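Heads up, there are several structures right after this.
In what follows, subunit A forms one complex with subunit B and a second complex with subunit C.
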Partner chain A sequence: MKRILTILLIFVLIIVGAYIATILDINPPQKKVRPLGRLYLFESYYGKYSAKSPEVVTSIVWDYRGLDTIFEVTVFFLAIMGGLTIFRIEKREKEKIKDLKIKYSGGLTIIVKIVTKLLTVMIVAVSASIALHGHLTPGGGFQGGTALAIAPLLILVAYSREVLEKHGLTYIKAVLIRSVSLLCILVIVFLPFIHGYYLLQNQPFYPVKVFGQLISGSLFFYNFFDYIAIGMGFTAIFLYLSIPEKIYRRIIEVSKG
Partner chain B sequence: MIDYILFYSGLTLIFIGGICDLLGSLGLLKFPNFYVRLHAATVGAIGGAVIPLIGVSLVALGSDFLPNKYIIAGASFITAIIILIIAPTGSHALAYAAHRAGIVEWKPKCDHLERDKK
Partner chain C sequence: MIMVHLLMLLVASLLGLFFSYMAITEKDLLKAIAYSAGQGVAYSILFYLLMAPDVVLAYIAIAVGIYSALLVFVVSKTTRYEED
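Right, the complex of A and B next:
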């Protein structure tokens, strides 16, 4: 009873406070664009310090505060590496559990399998469009990459981990592709610096248009490589998390003796 | 003339979708066991999402007040088809998993899946 009264009192206080704040007009809603916002809105496509991208968010994320985003990607890379370190199976451990055979139950029914085949293609196409149009429409590398990672996850659920690895997507390959695309991002970061511009500089150095298509300089490349890096990183995590618990238990049992 | 027909048939489909959603939610609350509730949820997904989306595309085609009406019509039609493929698959996978785990309490008159397994 006391608790209900307290919650009711807090509720009433919030409503009364909001009402008083509205009447007194303490914090009026912003109706005009602030000068800083106007600067970004104008400069992202026109102007002197332009990123040549009509999508303001992407030009802020990958150009104006690009260094911050580079370190964000690095932090995500470190997080994935930490997870992989915990879940790793070494070679000598792998040889110990050679006799352990886990029966493949055949996956889900044929209806689910066929729809998964259709959906995987669609998901890859949609995620590519999200990522590669990141400098034109809302979206970008991270969003596209997370959408891409759903495709192997669906195959994991509908078929099995073995099927995915039989077709060539092992976690080692996923981590390798991820590292290579991160290296490409670093190359794009350092390339202007070598040619006498600043680190991470976009506009005078990288081309605005290729074959008449707007690619907004380095934004397109950042989005593309970030897309592959994030997608493959999540795929590696899913592959590791789908290792059955039996295998780890057996490793612990064997190493205990 | 054709615009009017498209517009009002689209509105009718949206209305049907609303009724299907209402019936599906009622069934989801009132039906006795998991499988029948799943059926009600699928009524909500197909009748309450696919049919109104097709209705939206017809309304967009028949309207003269919407900008970019062909984009709206095409996008909603494709979304309808994708939901038409995906939603039954999800229900199927759920029902299959529940039947396989054998955790649903029900008294079936006939159970073809059980018979086929034997």
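Right, the complex of A and C next:
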């Protein structure tokens, strides 16, 4: 009861404050585009140094401020590698827990399973559209990748970890696909440098259109590989986290003797 | 027109505040995670109204899906109820 009273008091204070601020017209909302914003809006597609992408956010993230994003990807890579290092099970440890059998309870009910089957396909389709149209519409590699990571997560919850692994998505594969796509990002970063341009340069080295479709040079490739890298990174983390606590306890018990 | 947007902003932010307050004061950790996901939904409405669709797309997948799932995994490795 005391909880509700406190939150009600805060609400009343905020609403009264907002009302007073509206009447006094403190800090009116910005209605015009600032000069810097106008520069970015113009230069992302039309200007002399443009990224040839109508989506301004993607052209800033992967072109004008591309180096920031590369380091961001590196930080994310290191974070996931750190998590995997903590939760890893080594080969010699695997032999110790050979006799430990964990019974599969059968997952959730059939309604949840059918809904999950339908939803998984839709989520993968939506995430692909977010990521691959990242240079045309809002969205991009990171956004699409996080949406992609939801699909295996749903299967993990509704079915089990074994179902995912039986269908070929083991954590070793996830980490491998992730590393390969990160390598591809590095190759795209260094290719212009080898041919005498700057690092991370987009135009005029990469083609603007392929088969008449606008791909905005390197932005499409960055989005695509980032999409796979982020999705697989989160999947690997979930696969590790879903290892039952029993196994770790057993490993500690056996190694203590 | 801008007035309606500001009112929706106020409602969405109050909703987010309510959910985050409930999440902090809740003793049942699973319920707290659900409240935190609700806060994520309210904030994604906020970001959408502030014309940041790129942030919305990442935020809704992380705040409702990945973040909640990570916390549920973590809670499953400890106890469900927070003690005084």
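In this text, the second predicted complex is superposed on the first by the 226 of 257 C-alpha atoms of A that agree within 3 Å, B and C clash if a C-alpha of one lies under 4 Å from a C-alpha of the other, contacts with A are read in each partner's own complex, and residues count from 1 in each chain.
Criterion: a contact is a pair of C-beta atoms (placed from the backbone, for glycine too) under 8 Å apart; a residue touches a chain by one contact, two chains touch by 3 or more.
Just so we're clear, the structure is a prediction, and the values are computed from it rather than from any experiment.
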Which superposed partner A:150 touches (first subunit B, second subunit C, both, neither): second
First, second, both or neither for A:11, with subunit B first and subunit C second: second
Which superposed partner A:100 touches (first subunit B, second subunit C, both, neither): neither
Which superposed partner A:122 touches (first subunit B, second subunit C, both, neither): first
First, second, both or neither for A:199, with subunit B first and subunit C second: neither
First, second, both or neither for A:254, with subunit B first and subunit C second: neither
First (subunit B), second (subunit C), both or neither touched by A:142: second
Partner chain in contact with A:3 - subunit B first, subunit C second, else both or neither: second
Residues of subunit A touched, compared between subunit B and subunit C (which is higher): C
Footprint overlap on subunit A, where subunit B in one structure and subunit C in the other make contact: none
Of subunit A, residues touching subunit C in the complex: 3, 6-7, 10-11, 14-15, 18, 22, 29, 57, 130, 138-140, 142-144, 146-147, 149-150, 153, 157, 234, 237-238, 241-242, 245
In the complex with subunit A, residue positions of subunit B that touch it: 82, 85-86, 89, 92-93, 96
Residues of subunit A defined as touching subunit B within the complex: 108-109, 111-112, 115, 118-119, 122
Residues of subunit C defined as touching subunit A within the complex: 2, 6, 10, 14, 17-18, 21-22, 25, 53-54, 56-58, 61-62, 65-66, 69-70, 73, 76-77
